[in-house]
């Protein structure tokens, strides 16, 4: 975290590459087209500051992320991205099924149904 | 799931006892005072139908639950309960810290701050 | 709706009296202490413009209101108020029980548990 | 509720047929393609355990459902489905209009505007 | 606010014309196709009763609106509309960038990312 | 942002002192009692990375923050804190009144009523 802004951005994109190979180019281009600091601030916080921390393995972090995004229900695009990222970091389809069913308990059946849509899409693309 | 309603209720309360020893009496009394079917329907769905399923260990399920409740931010009482349940099922304080920091990424700093309050309360009571 | 602001405020408070006898004084004092227009704008919209409309009886409107507030989970005080208002406008305890169980389907078990707390409080006070 | 899993699934799909003729095949195929237990767990809870209960007629339950989904705003697909289901179970267009206007009071104008989109789509398709 | 319903509707649509030239026809046609009172009740409350008030300039109100809609995350269509309306009422692109980054602090990175999508779309169309 | 972690923490607490004199000690003690990195990660992101940026004055940022927190409705404690911080950074009571009324438009009357409670509390304490 004492990294320069350039390091912080680089580290964030390196972690993003683990979540989905090829994603860093697309995501950075999208954010750079908005503002030159957006990649470092948003992805630097998300990935360099937090997700890259030790204490919980990346696979478990992706399980938490899809649970949160599915429960909140306000970011369907990111939910589908993290469904793929979960598979890419070693989460099994069986585990995703269980997470999605558990979403129904805490956030309701429609939230779970939406997560099923995202999961099925990820299952066919990864 | 082919259990009689009585079995379904009994199994739900048995799992609740794992989450927090002594909780079943208190929770069932609360729900029975509302309606005689509430314990079976609500806890039967939550615990007998879903949380008791194999595929994800109970410890990991509690990690997911506190992430979802913290991200949603609408059930502070249940969040604190599941912080204690997480500790009771083997989640470490370090893991709870990491989950709470990750909540900041996906649901914002205030959601994370509220989860810190819940976690600190659980840390002192378990 | 072609009423003067004074009429609009008066009509809103008259409907509020149906929801809970004695509430208009308390609520208007609270809002007047914030800004002199708040009662007319907020309650005038809520009650004079919308809830007083024909097409759905007041009892059914209160059922809808407690369902929405319970599902959203962000206004526990108003949820408890409208639990009492529901009882005051003819909603039965059995109907409230059913609404609260249905909340679990669409918004999850914690939302339903919080609604149980509000309902039980209303049951003892009305 | 002492039904076997097969009965519970069958009963859920039978109620779904009342909500929208032809929907059970489509919905069950979607859920079966995710996991063999999903139909029973999700629809069994929603429809067999809760919505099929007595105490509130199905028509009133659909009014509550569209109010909740519109207020939450996180499941536009299900909102439109339940707009159609409301019409199919006897809710009138006038009642849907009133519900949608009441959503504005409790969840804001944008939530109501989104519900108008869903309602208009249902009005043209049922 | 002592306006007749017709005045209230007219004033709301006049303000909407400031937010996006040409929008009143499209929005009123959409709402009139739902119910003849919808424009007056929904837009009359939003624009005539509240947004047209003095105390905060229209430009600052649009900044608040895009912050709220981005943080709530449940009305992506209205968020994009108000991104354009913000530009039309004098909010600069730099200010929108700052608002969107601040959304990340209070509502999380995915909410901010969705707001970036809406902002970029508005930037190309206004 | 090329600051060391120590600098980033220090800068965040310095900005917090502007929001509410005396707050840094209390907030840092709270966060330090949770984890030694929490102050830097959470407040460093919120204040050093984002809120301290140029492009929008601090006063306008606090207006945005109370609008977002009021609309989300999930952090009543932080909402009241930022009501005080808004006053401390030059937002007038009249402006807060207008923001709170505008919250009703986009997030509903209950969200606005809760914000009135927070505002009135801040008005008496600052």
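Some points to look at:
A, B, C, D, E and F label the chains in the order they appear, each numbered from 1.
Simple rule for what comes next: a contact is a pair of C-beta atoms (placed from the backbone, for glycine too) under 8 Å apart; a residue touches a chain by one contact, two chains touch by 3 or more.
Keep in mind that this is a model prediction, so the values were computed, not measured.
Using the contact threshold fixed earlier, the set of chains in contact with both subunit A and subunit B is C, D, E, F.
Because subunit C and subunit D carry the same sequence, their contact can be compared by residue number, and over half of the numbers here are used by both. In terms of the distance between Cα centroids, subunit A is separated most widely from C. Of all the chains, the one whose CA centre sits at the greatest distance from that of subunit D is F. In this structure, the chain pairs B-F and B-E differ in their number of contacting C-beta pairs, and the larger number is found at B-F. Between subunit A and subunit D, the centres computed from C-alpha atoms are 30 Å apart.
Rounded to a whole number, the gap between the C-alpha centres of subunit A and subunit C is 39 angstrom. Residue positions of subunit B touching 2 or more other chains, listed in rising order: 41, 45-46, 50, 69, 72, 74, 97, 101, 104-107, 109-111.
Listed in rising order, the residues of subunit B touching subunit D in the complex are 1-5, 8, 40-41, 44-45, 49-50.
Per the touch definition, subunit D reaches subunit A in the complex via residues 30-31, 33-35, 37-38, 41-43, 45-46, 69, 72, 74-75, 77-78.
Residues of subunit E touching subunit B in their complex: 71, 104-111. Those residues of subunit D whose C-beta lies close enough to touch subunit E in the complex are 72-74, 97, 100-101, 104, 109-114, 116, 119-120. Contacts from subunit B toward subunit A in the complex involve residues 45-46, 50-51, 53, 55-56, 60-61, 63-65, 67-69, 71-72, 94-95, 97-99, 101-107.
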